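We just call them A, B, C, D, E, F, G, H, I and J in the order they show up, numbering each chain from 1.
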Amino acid sequence: MINTREDVTQMIVAAKVAKGIQWKDVANEIGLSKEWTTAACLGQMTFNKQQAEVIGNLFDLPDEAVAWLQISPYKGSLSTAIPTDPLIYRWYEVVNVFGTTIKELIHEEFGDGIMSAIDFSMDIQREEDPKGDRVNVVLSGKFLPYKSY
Amino acid sequence: MINTREDVTQMIVAAKVAKGIQWKDVANEIGLSKEWTTAACLGQMTFNKQQAEVIGNLFDLPDEAVAWLQISPYKGSLSTAIPTDPLIYRWYEVVNVFGTTIKELIHEEFGDGIMSAIDFSMDIQREEDPKGDRVNVVLSGKFLPYKSY
Amino acid sequence: MINTREDVTQMIVAAKVAKGIQWKDVANEIGLSKEWTTAACLGQMTFNKQQAEVIGNLFDLPDEAVAWLQISPYKGSLSTAIPTDPLIYRWYEVVNVFGTTIKELIHEEFGDGIMSAIDFSMDIQREEDPKGDRVNVVLSGKFLPYKSY
Amino acid sequence: MINTREDVTQMIVAAKVAKGIQWKDVANEIGLSKEWTTAACLGQMTFNKQQAEVIGNLFDLPDEAVAWLQISPYKGSLSTAIPTDPLIYRWYEVVNVFGTTIKELIHEEFGDGIMSAIDFSMDIQREEDPKGDRVNVVLSGKFLPYKSY
Amino acid sequence: MINTREDVTQMIVAAKVAKGIQWKDVANEIGLSKEWTTAACLGQMTFNKQQAEVIGNLFDLPDEAVAWLQISPYKGSLSTAIPTDPLIYRWYEVVNVFGTTIKELIHEEFGDGIMSAIDFSMDIQREEDPKGDRVNVVLSGKFLPYKSY
Amino acid sequence: MINTREDVTQMIVAAKVAKGIQWKDVANEIGLSKEWTTAACLGQMTFNKQQAEVIGNLFDLPDEAVAWLQISPYKGSLSTAIPTDPLIYRWYEVVNVFGTTIKELIHEEFGDGIMSAIDFSMDIQREEDPKGDRVNVVLSGKFLPYKSY
Amino acid sequence: MINTREDVTQMIVAAKVAKGIQWKDVANEIGLSKEWTTAACLGQMTFNKQQAEVIGNLFDLPDEAVAWLQISPYKGSLSTAIPTDPLIYRWYEVVNVFGTTIKELIHEEFGDGIMSAIDFSMDIQREEDPKGDRVNVVLSGKFLPYKSY
Amino acid sequence: MINTREDVTQMIVAAKVAKGIQWKDVANEIGLSKEWTTAACLGQMTFNKQQAEVIGNLFDLPDEAVAWLQISPYKGSLSTAIPTDPLIYRWYEVVNVFGTTIKELIHEEFGDGIMSAIDFSMDIQREEDPKGDRVNVVLSGKFLPYKSY
Amino acid sequence: MINTREDVTQMIVAAKVAKGIQWKDVANEIGLSKEWTTAACLGQMTFNKQQAEVIGNLFDLPDEAVAWLQISPYKGSLSTAIPTDPLIYRWYEVVNVFGTTIKELIHEEFGDGIMSAIDFSMDIQREEDPKGDRVNVVLSGKFLPYKSY
Amino acid sequence: MINTREDVTQMIVAAKVAKGIQWKDVANEIGLSKEWTTAACLGQMTFNKQQAEVIGNLFDLPDEAVAWLQISPYKGSLSTAIPTDPLIYRWYEVVNVFGTTIKELIHEEFGDGIMSAIDFSMDIQREEDPKGDRVNVVLSGKFLPYKSY
């Protein structure tokens, strides 16, 4: 029985390993970016009915799982406050080491406010480089100003 | 007396507030990006002798502080493991919500390894948008593969 | 010497105790709500130049402090992740006990997304009640939807 | 076998997903607010016998579950002290950033004491707004003064 | 300079050690219980003007400190979430070991709700006993029921 | 299979819900206070053989469970260091806010030492009050002095 | 000015380093064991008037410090819940690795209860051994049984 | 199926409760101290083949479990960093309150180094005492000096 | 069903215990070092297809498990931030006690940067020594410099 | 005034920055390895009288500081349980990712026991490599077996 969205995420990941499916192919099937699609498959975003059915077919999910995919999930994909996986930790390290820098430069350009993590998109690409290829990530978030009232 | 690099950081920040200096102007003075320069002023990077002296002049620092700027600092700019400031927290949220997505997509493209946080650069720009301007951030890090031995 | 915005907050609070000033009178002086004004005096919001000078006069602050009031502060007003003060704890308890309820009902009405804590206002009023007066708080935040891309 | 109230909560949530029930319809069935009803279904409040039976019918629960619904539950709906879900986190952020402000203004109006989280109600509504609809939340809690003795 | 109520608490405690004053004598001076008086002197309760002046005289406090005594303090008297001092730890242990017992028995007698920690009093007495004297503590708190709405 | 005392506690609680048994009736059956009996049923105290058999009959426990009831359990009834349930939290709050007060007054009366949490008893009663009934709790613990050697 | 017992502890430790005093000599001066005496000097026990004066003379303490030595201190000598110092960590490790063993064997011999940490003494001796001398520690604590009531 | 040594520990403890075996009798069977034997049965030490078979017979363990008993286990017997069980907590309290004392006295006698927790033994005995029997524990650990190199 | 790489790790470890296989023999079978091979079997590294099949044969794993061995795992092999097992804790202690030393000496030799934990290898050998054999570990990691940009 | 060994460490580090001294030169002056010398200067090891005087001369320390250098310090050089500095974090990551591997291989070679962190030495060297120089670290620790008794 399916009790939580996490159960559905485990079913998707297990099917992906067994069938050898690629995330970019899943993205093509539902016609959206690989970043949003992967996040949604990993239980962080909400599919609409049509998308959920495509996902259900691709990963052979039962109807109950397809229903869960359309429910806004409890988000948060890490099991500890500080990630232990080296790839994810490096991102946490960037926030830790450069956090105050990011804050200063956004405030200098925009004033007091934040960069939205909701009206937000991300694009991850390989950048070829003779000294070793690089991971190139573009983050784009709407600036939301604090207002006085 | 100066006991730690943090003492120097506080002197720089206090002088910046008092004199109304902008980070981008500091960057121009030492001829490097505003991102690296700000991080270094905030105690996360090491200046060379010439750069340290420029910084010393700009912020009226004593010689002792200029010497500290040339020492590799103990890094980490946040006072709690989970940041309380909303602007910085949104970045932590991105790592928390999209961490496994980032991991999956980098592994799909590159295999097992990480995106370096050392051979790494960042560029923060305003992106004009009629629905509200956006913060556009490009992160570039060398891919480092795990090897077997 | 002033090293952080917290130093300014302590100066304001100490002056407020010594002079017996009320927050609502401070709010009247700068022509904004008592909620925003108090948050700003307690180091959570950024004053513009004119407002900062009014605050400086009211609390007899030095020029350096007035400059700090115009800098976007590192936000977060509590010294522990779970507040120990009973009044503030009750609010944390509301988030803990009703957090999933709030989430369900906002998603039921609006779909996946959040209630902004930036494009946000708060109004605190006394509600007279023969069984004991009540604290009435209205929170208003823009709904921000997650979008696929 | 049902060992805890959480088991009942999972049964309700799974049935809700499978049947596509809305919380406001559940509230109508038992004749109370959607806020209290949802909190109770999510394991934070105690139903009386009649209400529990209505809930049991709506969600096809076994008798054992209906008995559990009438037992005062161990409350607390979050799995971590600081919530990871962005919607719920924003509420935690409000407590963190505005906590001292709320404290100051309630004390200024009422003296020393707290706003009750027990003799408490909440009302969540959509507020239409041309710049984007808003979530409007009214919290009402009895003021409880500290007394000397 | 006095920046926080804690500064005043330290002044009171230091003066108490130096002058050899007893808490019960302080209580007699202001005509209230030794429990409330001690809590207030230790920075957990708010004195009115007359009481604050008595305290000021007893402990030779400056006017500024007397003003602070009349401000509702940020409460919480322990420096760690789990107390290290054995006497205080034993109380934490009682909550830890008997917490669910207390919860069950109050609910059995009163239904769902809490025992108030605000409309609350405490009385600590010596109980003579040939097998070793006992500490006898009476806690009295108003029962506050959860209501549906 | 029963692996821990907690398994037995869950069996008792589930049977209690199903059969609608009251703790005070359980206490009558074994001829001890409702406080000790409830704590023991909730896995915090050790029953002797005769008591364990009475409990086994009342809750229809298997022989294996009756054997576990006679083993000194690993104590501690809360799942987090700071309790999330509001009723139990209020007790934690009392320790947090009044902890240093309790310490001062016991030391003033008895000298250095502690109030035992082992040679300890508790009595919870309803106190009728026209302004709202109160929960009255008497805690009695032997004073144990530190000795020099 | 002396604000806390910790200030007195620091004065004693600094004087001890400067004068090269040994703890066993301090113990001889006040006629008690080196274990109790050291604990008391390090701020964990309460001296009586006569003992405090001896300590005051030995370490050249001001009268105010001698008064503090006679006040029951807030106990706990470690700055983190898990000690970082290797010598002290080994003791924590013993509790962690052998904790359940100690519990089982004391219960097997004595029944349910605890070994007191108040009616408690400790004796630390060198045990000569050709394979390397050993530290021999004898801990003696009164057994305190839980009783039913 | 047995996945971890903990599974074996649970099998031993459950069998011990069901059969009413005493740890000292187990120790006699394998001819070692009750302290080492109990620690090993509780998953903290490694049995050799012969010992493991004796344990297997005593507790009716399957062959797979007997194989696990001969594997060096991941050690640590407590489920929280600070133990909640009162008996074990008292030992933690001793480390917390007397930790710096133990450190000072071992260094005074032996110089810089530690008392080994590996080349270590423990002996727990009842000490009869007319004022109440005592638990007497002797800890013996080799002193290991830090050396310069 | 296999849901995570940890499930595969448990299958490998259980099979290893049952069959009495040695890690060095596994390493020989796949022709790599015992350090990398063990880490990979314990779920920290990614096998290629051929290696995974060898592992599958050695430990009698189902096809599904062999597929999982070829997926980059979520890394991190410890269940707590500070390890409880004494052998692993000693390594944590080395980082804690010598961390700043390692940092200073690498910076003195190489300038600002890090020693890679990705382009990294480890070799563990027995070093015979008449005073007791030693564990000799060689760690080799590429130096990665921070660059300005 | 010097209250703790940390005060001395700060004096040494500040003098080192001001004078531009290298750790390897300090090591030469006292005739020991750069690893031990640096650790001792950073407050983790104990100098003998002669060494302490050399250090005192090199860094112009007052006599009081030279006395402190000869006292066994409270060890632990990091301010958080998980280090934030990237260089030191990589070492923590090695323990986290390879901890169970190290444990398995040492047990496979030596049986149950630990690698000592006391009878321990470390050697850090540059290893030239055309693909980028490497940091080469040799750790050597005596194997200490657990014994039964």
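The rule is simple: a contact is a pair of C-beta atoms (placed from the backbone, for glycine too) under 8 Å apart; a residue touches a chain by one contact, two chains touch by 3 or more.
Chains and their UniProt names: A, B, C, D, E, F, G, H, I, J = Cyanate hydratase.
No experiment lies behind these values; they were computed from the predicted model shown.
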Selected interface, A-B versus H-J, where C-beta contact pairs are more numerous: A-B
Chain centre separation (chain D (Cyanate hydratase), chain I (Cyanate hydratase); CA means) in Å: 46
Length of the line joining the C-alpha centres of chain G (Cyanate hydratase) and chain J (Cyanate hydratase), rounded to whole Å: 28
Whole-Å separation of chain centres (CA-atom averages), chain F (Cyanate hydratase) against chain G (Cyanate hydratase): 31
Residue list for chain A (Cyanate hydratase), restricted to those that touch at least two other chains: 35, 74-76, 78, 81-82, 84-86, 93, 96-97, 100, 103, 107, 113-114, 116-118, 144
Chains that touch, pairwise: A-B, A-C, A-D, A-I, A-J, B-C, B-D, B-I, B-J, C-D, C-E, C-F, D-E, D-F, E-F, E-G, E-H, F-G, F-H, G-H, G-I, G-J, H-I, H-J, I-J
Contact footprint of chain G (Cyanate hydratase) on chain E (Cyanate hydratase) as seen in their complex: 10, 13-14, 17-18, 20, 80, 82, 84-86
Touch list for chain G (Cyanate hydratase) against partner chain H (Cyanate hydratase), complex: 22-24, 34-35, 38-39, 42, 44, 75-78, 81-83, 85-88, 90-110, 113-117, 120, 122, 124, 126-127, 129, 131-144
Residues of chain E (Cyanate hydratase) defined as touching chain D (Cyanate hydratase) within the complex: 32-33, 35-36, 40, 45-46, 72, 74, 100, 103, 107, 111-114, 116, 118-119, 121, 144-149
For the chain J (Cyanate hydratase) and chain G (Cyanate hydratase) complex, residues of the former touching the latter: 1-4, 64, 67-68, 71, 74-76, 78, 81, 117-118
Partner chain J (Cyanate hydratase), residues of chain A (Cyanate hydratase) touching it in the complex: 82, 84, 86, 89, 93, 96-97
